[in-house]
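One chain, chain A, appears in both complexes that follow, with chain B as partner in the first and chain C in the second.
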Partner chain A sequence: MFSKSKKVVGTVLAAVMIASAFAGCAPSGDSSSVASGSESAAPSATEIKAITIDEAMKDADVALGEEGKDSEVTLKVWAPSDAVDMFTKQCKAFTDNFKDRKISIEVVAQGEADAASALMNDPDAAADVFGFASDHASKLYPDKYVAKVRLNYAAAIKETNLQGAIDVATYKTETDDQPYMYSYPETGDNGYVMFYNKSLISAEEMGSMESIMKVCNDKDKNLVINMNNGFYSCIVPLTGEGTYSLDESRHQLLNYDYAKIGPVATAFSKLLANDSHYVNDDVDKVLASALKNETALAGVVGTWKTKAIKNALGDNYAACKLPTINVDGTDTQIKSMYGYKLVGINSKSKFPMTSQTLAYYLTSEACQKERITELGWGPSISTLVDSDAVKNDVALSAMYEQQKYSVPQTGLAGSFWDPTGAFGGYIVNKDKDLSDAGIKKAYDNMVENITAQ
Partner chain B sequence: MKYIDYVQLNPFQKMMYQLKNFFVAIPRGIASFFVFLGHKIASLVLGIGRGFKNYVLNFIHGDWSTKTSYLVMGTGCIAKGQIIKGIIFFILEVGYILFMTMFAWSYISKFASLGTIKTTFTPNPMTGLDEAKYGDNSMLILLYGVLTIIVTCIFLFVYLSNIKASVKLEALKKVGKKPNTFKEDLKELLDARYHITLLSVPTLLVGCFTILPLVFMILMAFTNFDSQHQPPATLFTWVGFKNFTDIFYQNPKYAMTFGSLIQWTLIWAVLATFTNYILGMIVALMINKKGIKFKGVFRTCFVMVIAVPQFVTLLLMAQMLSDSGVVNVALKEMGLITESVKFLTDPFLAKVTLVVVNIWIGIPYTILITSGILMNIPEDLYESARIDGASALVTFFKITLPYMLFVTTPQLITNFIGNINNFNIIFFLTGGGPLNNDLYNAGDTDLLVTWLYKLTVDKNDYSLAATIGIMVFVICATLSLVTFNMTKSAKNEEEFS
Partner chain C sequence: MIKSYKLRRNISNGIIYAILTILSIIWLLPLVWIVMTSFRGEQQVYINYIIPKTWTFDNYVRLFTDTGIMNYPKWFMNTLIVSICTCVISTISVLMVSYTFSRLRFKSRKAIMNVGMILGMFPGFMTMIAVYYLLKAMNLTRSLVALIIVYSAAAALGYFISKGFFDTVPRALDEAATIDGATKNQIFWKIILPMSKPIVVYTVLTSFIAPWTDFILARIIMGDAIDQYTMAVGLWKMVDKDFIDRFFLQFCAGAVLVAIPITALFLKMQKFYVEGVTGGAVKG
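This part shows the complex of A and B:
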């Protein structure tokens, strides 16, 4: 009926169509979720025996249970690319410690900023143990993408770490009877400080916003603060003693009082909006180069830029806590948001015990100490914060100085950032209505957007 | 208006007249589309009714084996000698029943509520670890529910063809013909019915990998799958048309955002498409002009822009145009400005910047596409125009543009739709900024697609994003169908010479 060639062409076309239907299929792991576990009564505090990291590392049965006795334990760890070598080394120390168990650990590069979304996209293919920044905590905890910290380990962690770090690691989900720890504190320096060129401005002059701006104008240099980004511009509500939290269904609650925040916003606005030596720009991109070519003398940026700024400024490199600002005649210390980095356990991990103990080990004092010297990561363990290694590091000591005037980065919904950034951008933009009424309106707009259901 | 009146109008009036006709035709176009849809639906309903009548009649008039094959598939075929075909029907029925009982029932039965049992985590005091007791997963229920519905539709088709086969065999028997053997059936599939052999597998796969996800996404718009309802830990459920009413009027903030973004999206699409088109054509004309030397060099210069990956160009531009970027610093050094020009941070200026940068990246493509066509326009047309004393401008509007429009209108429409969904340039250049608290999770330069992206990635607001996706689809589909059907290229295809 049909000629042969037509048949061949038809067959090829059909094959192409079949092949195209498979485009976009990537191999993925077994995604079946099986009901498991027996119903057990909620444990009372007395039943849980606290285990320190030293105890865990000594006894494989305590640390790993049955895992790795008969079959091999294979774990995947995510670490930022510049820290892969460090983590590989520390993971090797971990496996060497449990020689009688079969454990193999693969460390894969994955930036902390994207770790949370990568995990949420495909939990089955994601790492067992991974680092993430505290701003992603509110995405990971409530939906149990991460497992609770093993109850036996929590007590020791709470004893040794900074309170802020514990706060961001702790959460009470809808189904929890009490707040639990959902991650292991890894660093205590995920915040921002003021970096400056000490040949252009002295440490005393860095003490207040007013004196900084005076020096800027005298020397025709700029101050760079990114008020368009909620992470930085939240200094306005926080300096006005605002706090935040989440309600049961994860809506953002703001404990803001305009009577206190309004004057702070006005102070920032009056000082910066009409001053051409204040630059509102993306500090991550521009600050290092602006400091290098001396168009700027100071700027606020996160500690992840420390290395770049150190290179840019050379001998003139200096850092300090955020300055004060004059609000209605009183010098008020600027408060900032303070983040931490945490290590989480994928709740779909096939080897929960080994993952938990590995995370416990990686965030222990010994490992954190190694990372201060090798990577410049600020510790979350209190005793290390007071150590010489931290005191000798300009950025880290400024960071921990600022930590006293900070609010931990926890209890934030995704809706917090953009409106806060928009408000910050508004009050320093001289083209906007910066009268009291105008600022009040922008503030109301921000609050409405953040708390919108 | 009669033709004689029309030719007496001045060019501007002519344009207004054409424009008027265009907009007058839009409602008619849309109306005829719905009339067409209505006819189709009516004939579908009638067809179903007819099928149902036949279904009952066949049962009444059929012999015993036809009657049993209403319940046990394949008995009709087996009784009348087509044993293998009958067995295949029977196996398919058993397979479907197994599929339903073993797998699909647990999902499809919860389809109406999308699950009611929550996942719980209980700490085990022995190990100190949480133990999960997984409840319903709304997303899987939705996904497998859709799959089950599609499988059921296919099964229904098989079921009906089982009855049809039996009835057909009965008729054959009556006239005394022998039914096909299985071998003959197979042979037929390789010859007379070869198209079925070829297309069955692709159709099945297109169903699985294209239609299933599409239906799944569309259904998502009718749920409350947002940041507060994330499976597996929490459940989501149906909310009907709430998301749609929200973006139109129910939720003032959403409605405001949707309204202002759709305005900007359309303005952007028009500007981005036509600036590129006209300016690209003019540059191509200039390069093609007689007497211009080094044509190849000029063309290469423009094509170089294409050689650099677009996002690299855009990220570089974003750096250069930022408030303390190279451009501002250079302008300040030269003493032209004292304050930074807010290329990307002022709502209006950012929009202008976007259009200009888009021209820069887009023109080379137009040059490449139009150069060939321009060279194809018969030279004698221009010659005679010159003899008649037409100026360059007149020849452009009377000869070049009509000729180009005739050939490239479909491409123009594709470009327009592409620009409605132009994610790259907005995302990399301004990121949708500057932020604007009057809008919901969007900035001044956000298009509907970049808003959609922000809603899914930043806010996990999938249901709202699906709703916007549907709206974007409706806008694109309507615009492209209506405009394409009104173009000359679609109306008189044969006229092209």
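This part shows the complex of A and C:
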């Protein structure tokens, strides 16, 4: 008796379930028009007029076009979490400036190291404006995950920023007739220096690896350098005058010469492998604690750790460029890799004009200056690099000093890092074969793995 | 050769106790360490001694008050909501599917069971990218609803254990109930379930713990929506290189608190494990 009505109910329920599964599939606005704005920067035959940030901020029509007049502009910005407050403040200043336009900006925490992969995984869910490290440029530019910088802005940026920063921001894709800027230079300090405890070791003693290790042994303290990480261990090939680049299909090319790199590797190996006061550990996690405990007296780490190390060392906080190392009787300056942080515009942003101007504002002199003092971020604008704010900052001045002995972190394929880290870890591991033949073999492995296609 | 039985017993007991003591120290040390660290006053990440010199409750206080970047209370609630919803949905679906396979006879029952078993053997994260894009097409990513759907959708595939349990409940009970006029549905709710408390408890626990501790799917689905994070993802974020110096001790406090709901659930449900013995149900 009931069976028929039950069947009907069951069928209806099943239909409802299927329908609800598709309920979210409604078309989501006009996604076709999304990319058009990124091409607003198309080259024109006439001379391109540079627009400074001040000019842009004064004229909403120039800066934002029609965006925000009728409907609200909603933007998402990615910033590293310790900088979220700062970016929120600066974004608020931006929206306050354009009071007659409806703009709302949400700043979301997302580290620069993961920003590129997060964007590539799902550009629709990614931020409109985001910071990333310059070594990710080779992932983002060629397939145009980021939009070109508006040409009027690019013209002004080129006049004020460090040449190195402009170089890593510029790229020529297959469809471009000439190189264009694909991102806004944000910082000029993405590298690493030697941090040390000045109550335990003097600035002169920090001059060479040999004297540092001597003090370490005398005082029973450690030196921490992460040679397992390619970002740090590339000091070995770079000190041996190695350089790198990418070929047209984005494979890694290495200009390495073992006759020069071999002796450097041997020097590092001889000095560090058998010394129990050298610690090969993840500096990002241990260095600040080790300096605070005074188990370590010095260590190499990126400037993003400046604040933590400053807190750990207090009055004994000091930083300097990387030391020299004795290679076959000559003191050779250790060379490092040096990067920049850039701000990119998601090419799928629905509000390209506002995004462009916001990125321009966030990387402007006023905002960069604020970030030097509040966050200790090194600027990419040349006049700020020479300012007192930078000179008075211990880590930043060490950073710009080391920049003279560094190779830009650009032209790197993803295959570079792990083999370089493995080689660095090998030469300081006393359990490995550290004879000339052993190091040569590890070196050959590294080169083969990096350049393998 | 040791002749005395007593001496032999003492020696063998001594050895066994020594081994057990060593094992329990190995097992307990990490737990003791994280509890101690969560009450540690020294601010740095690593200290070169085990027992802290200063003790404080501050890490717990800051965990719940310093919520500007790391909003632990919100994550806790998110995880609780997801876990409870998932727990209810998947417990009901697992038990119903098990009952169906155990008691009802229909065409292709065997075939469906086999397909279910094979599908159930693939780990959920194998399809995570596909799941992500499907959710994205439905505009559901970065939401707790998505997590509940993902965790409970395929739960019924884990039917074997409870089906095995239902198989041991005598069919004579069903038959007796049928004679009394009960439908299959009534038999399930009124006869089988009350007698299957241990397996219900087991199903509740496993389906609560799975979302409570899952990391991979939550990480993929939530992306940058830090307010929607579950605890596993949030705690991982706390020891990211950008934050570890600031949040390490809160992380330890948070890791200790994670255990509380699971422990509470266990204590509450423990007694049912021994109750509800089905054998005694068929009385004359």
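Just a few scattered comments:
Methods note: the second predicted complex is superposed on the first by the 406 of 453 C-alpha atoms of A that agree within 3 Å, B and C clash if a C-alpha of one lies under 4 Å from a C-alpha of the other, contacts with A are read in each partner's own complex, and residues count from 1 in each chain.
The definition used in the following text is that a contact is a pair of C-beta atoms (placed from the backbone, for glycine too) under 8 Å apart; a residue touches a chain by one contact, two chains touch by 3 or more.
Bear in mind that the values here come from a model prediction, so they are computed numbers and not experimental data.
By the document's definition of touching, both partners, chain B and chain C, reach A:V286. After overlaying the two complexes on the shared chain, residue contacts for A:A389 are found with neither chain B nor chain C. Of the two partner chains placed by superposition, A:V62 touches none, neither chain B nor chain C.
Of the two partners, chain B and chain C, it is B that touches more residues of chain A. Residue contacts after overlaying the shared chain place A:A155 against neither chain B nor chain C.
In the superposition on chain A, A:Q356 makes contact with chain B only, while chain C stays out of contact range. Of the two partner chains, chain B is the only one that A:Y426 touches; chain C does not reach it. In the superposition on chain A, A:T295 makes contact with both chain B and chain C.
By the document's definition of touching, of the two partners only chain B reaches A:A452; chain C does not. Once both structures are placed on chain A, chain A residues 21-22, 24-25, 285-286, 290, 295 are touched by chain B and, in the other complex, by chain C. Taken in their complex, chain C has these residues touching chain A: 43-48, 68-69, 132, 136-142, 223-226, 239-246. For chain B in complex with chain A, the touching residues are 118-125, 127-134, 137, 191-192, 194-195, 198-199, 201-202, 205-206, 208-210, 227-228, 230, 232-234, 253, 319, 322-325, 329, 338-340, 345-346, 433-438, 440-441, 443, 457-460. Put simply, chain A touches chain C in their complex at residues 21-25, 28, 78, 80-82, 84-85, 108-111, 118, 122, 124-127, 284-286, 288-290, 292-293, 295, 304-305, 308, 311-312. Contact residues of chain A toward chain B in the complex are 1-2, 7, 10-11, 13-14, 17-18, 21-22, 24-25, 33-40, 42-43, 47-48, 65, 117, 139, 142-144, 147-148, 150-153, 173-175, 180, 222, 224, 228, 249-251, 276, 279-282, 285-286, 290, 295-296, 347, 352-353, 356, 413-415, 417-419, 421-423, 425-426, 431, 442, 445-446, 448-449, 452.
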